[in-house]
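Shared between the two complexes below is chain A, which has chain B as its partner in the first and chain C in the second.
Now for the complex of A and B:
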């Protein structure tokens, strides 16, 4: 009996979380004037909002931009952060600890603090209004380095020594020996990086002006809060739905790892 | 095949001196065991030979060649680790062939050499398996096979049997010894287990605090330990050690004054009176003296605990504050908590300077 109550409570909670989301999807498929309903089912089903959306803004292009940027950044973070993590975990060199503490310190800084300096840097490099501004600042990530370092510390030194005797150089050790035994960490870092990059709005808004270079969240945000949606809630909701879709699909594919990586981001592995 | 020559090896980690002035001249085809307590620098020495650690100072020769600056893969060595250190994502075959693949050895030759090595270590049926599906003993065989495949000049082992259970350890110990003899590869083997050292080595190098204590054949080391440390480390149960004084008449009296032993005629005549430590191996204390052996001296003791081991019984008793062990034939062992007479074989005693710990016979 107790269990039954418990499940009812859980069900209600789940509903409370899911409701706005389901409503968003169904409303985006309803006629504009019925959107104020709280219905969970589309009223007078229509794809008008989506069609108008595609006519009005280059949302498909922005989707491609987002995928492109997030993929490159994710791949870059995996490669470079694992390299840095490996060096910090397994190589002895002068200033290693200092470097590591410095890295930890940068993690405590709120990103708002570095926003302006970073922007000025992009201007100096002449990278504003280009993918370079979206990609390069994201390629190294203190948090990812930390995760890799901690993980590599847990791998027995013997494995690395054996590889070295077998004739591996540092590249091979990292990518051919350590990567294959670090799949969970790679997935964790990959998912977190991909999601953060995908969802980022503020930075793109600062460095990108031209519509054909915009990422999807940037475009959708500008569209939803700016005047372009002609005050039509339906179109705003349709754009929001499209924005959430890739993450939801990714979630369904990586469900198991997703939950692990969310837990991992809150604590040491 | 090759000699290995370590000349004045030093290893410092900042202030810590992990290895201090170790020199070893290891012959071709020899099986040398480095043994000592935890932290004495055995692994560090081995890793310097492998090229996994820099040699702070000193010279290393493998064969004729000085190899201080040669990369591990080019030193013609193979190493087996305590934790097996197999690549978990590769099959047994790939694990064994990985080094050859990196050397760009033709596929066909890799296959032949891996299969030959698998045959030697009895892994032929497992070549397609991943290490995760193998038992500890099998995994260490894979590591052994991986070492054999390389066809090296020198085998290096770092406590390869520590993770195995007692029975398997004895079996693998024999297999490794036999393998080393058949292949005739110079071998350096690290362990903290003196039984392993005694049973496998052609020569044993005992280390303590980074310093080489003695480098000798097992039997010679057992009979002539260079100092108190080696005397206590080699042999199980450990040698009994009684500190005390020797007078001009060569009568030894222990610290408590309760125990005296006439050593006239059993010590070099040149030895002075003074402070010494008397060492007696447990098997040199007997439970009877049926043959009236003139070397034997009776002593009266109170038997504390008797541990029957089957072939022998270990008898524990005290002389003053010092705990002693005797290794007796079971039928001569007294009852626990009874007074008994034991016999010390004076011809087999060891004698050390109390101050330096060195054997007087050095």
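Now for the complex of A and C:
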């Protein structure tokens, strides 16, 4: 009896979480004047909103920009953060502990503190309106270093010693010996980095003004807020659907990894 | 050999050192410097002493944005903890389709806030939004979710809960699964009710999770930007003006760089202080 109640509760909750997405897709495929009649399926099915969207804004280009930026940032974070994490976990050098405490300290700093000065930095570097502004500030982050450090601490010293005796230098140890046994950590850091970079919108809005350089969330945001959508709900929802699609597809394929990675990211406090 | 290794140690951390210097240390120092100046990026910087700080203390908009954040947190945190904990407790039972339910609750977490905001803006529509149409079918009055100053911030808080709660369900689940089964069995033998078990065994164990949810939600509340930016522009009557939106407007609308940096600096201090107080209060409450 109690179980039955649980299922009803869960069912209602699942409906509340999934229904808005279903409505969004159906509404984006319905004629503008029929959108209020949409409950579950499209009413007066049409692809008009999508066709007009592609005619009006460079959304395909923005998709390519987003993939490009998120891929490079993710790759950079994996390489540079694992380097620092490895040194902090397995090397003894002057200032190591100081550096580690410093790392923990910078993790607590709110981004609001550096938003304005970082923008001015981009202006001084001449990086506004370029991918450099989207890529370089994201190439490393303290949380990724911490995850790598924790993971590398758990690796048996024998493995590293054996590699050193075989004449491996530190770079080969990290990338050819340690990386292959660190796949779960690489996936966790990779998913979190890719997702946060893909979804970020405040920073792109600040540093990018030219349409052909915009990432997908930025372009969709400005489209929905500005006059370009001409108040057309169908087109706004179509742009939102396209923006959601890549991440949802990735999520459906790698669901378990997504959930585990995000759970790990929540553990940082 | 030894020396080579030391050199490689520093080489390994050198990208991090460079990055942290350029994008964290320098900006923090520079933002302090900026806070004593007036600057619109184009004309030369002008030293103004403590003027920016004096202005912040009397800035109605900044104070309003802090009050709005409080309204958001007062609704968002209890909702978030209540719903996440409730659903996590249910999901922690032997339940069919657990993976499906978990996956469904988690869906909004992975999607961009832009998607969620555009979507809910339509759901919240006054005349034709799905929620009001549904309320009218049930015989209730329409609500001005985003047009009534009383409702606009609570509406954003409800939406934010919908967006994030999946993550906290997972975190609570991790916490719940760390409770040793033997504790429940032993207490059952001594005649403890389910409710007593929850209160005296489960709750103390998931206390750290609770604190984490609270702190992450608080930081999230102080970071609101895209939601008011897309949905309301900070209105109606500035009732959804968030602190970050206000900094954005000062910095990139009016080009008051010195003043915007001062706002960012003080906001960061406020966040650190609030999180610190939350920690103190919760840790002192623990037995």
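The rule we apply is simple: the second predicted complex is superposed on the first by the 264 of 269 C-alpha atoms of A that agree within 3 Å, B and C clash if a C-alpha of one lies under 4 Å from a C-alpha of the other, contacts with A are read in each partner's own complex, and residues count from 1 in each chain.
Note that in this section contacts are C-beta pairs under 8 Å (C-beta built on N, C-alpha and C of every residue); 3 or more make two chains touch, one makes a residue touch a chain.
As the structure is a prediction and not an experimental result, all values here were calculated from the model.
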Partner chain in contact with A:113 - chain B first, chain C second, else both or neither: second
First, second, both or neither for A:206, with chain B first and chain C second: second
More chain A residues in contact [chain B versus chain C]: C
Touched partner set for A:243, first chain B, second chain C, both or neither: second
Contacts of A:162 with chain B and chain C, given as first, second, both or neither: first
Partner chain in contact with A:181 - chain B first, chain C second, else both or neither: first
Chain A contact footprint on chain B (complex, rising order): 47, 50-52, 72-73, 77-79, 81-89, 98-99, 102-103, 146
Touching residues (chain side chain A, partner chain B) in the complex: 156, 158-159, 161-168, 172, 177, 180-181
Chain A partner contacts - residues on chain C that touch it in the complex: 5-6, 8-13, 15-16, 19-20, 22-24, 26-28, 30-31, 34, 41, 87, 90-91, 93, 95-96, 99-115, 118-123, 128, 130, 133, 162, 166-168, 170-171, 174, 211-212, 215-216, 219, 222-223, 225-226, 229-230, 233, 243-244, 247-248, 251-252, 257, 260-261, 264-265, 267-268, 271-272, 275
Residue numbers on chain A that touch chain C, as the complex places them: 3, 6-7, 9-10, 13-14, 16-18, 20-21, 23-24, 27, 35-36, 80-81, 83-84, 86-88, 91-93, 96, 99, 102, 106, 108-121, 123, 136-137, 139-140, 145, 169-171, 174, 195, 198-199, 201-202, 206, 217, 220-221, 224-225, 233, 236-237, 239-241, 243-244, 247-248, 250-251, 255, 258-259, 262-263, 266-267, 269
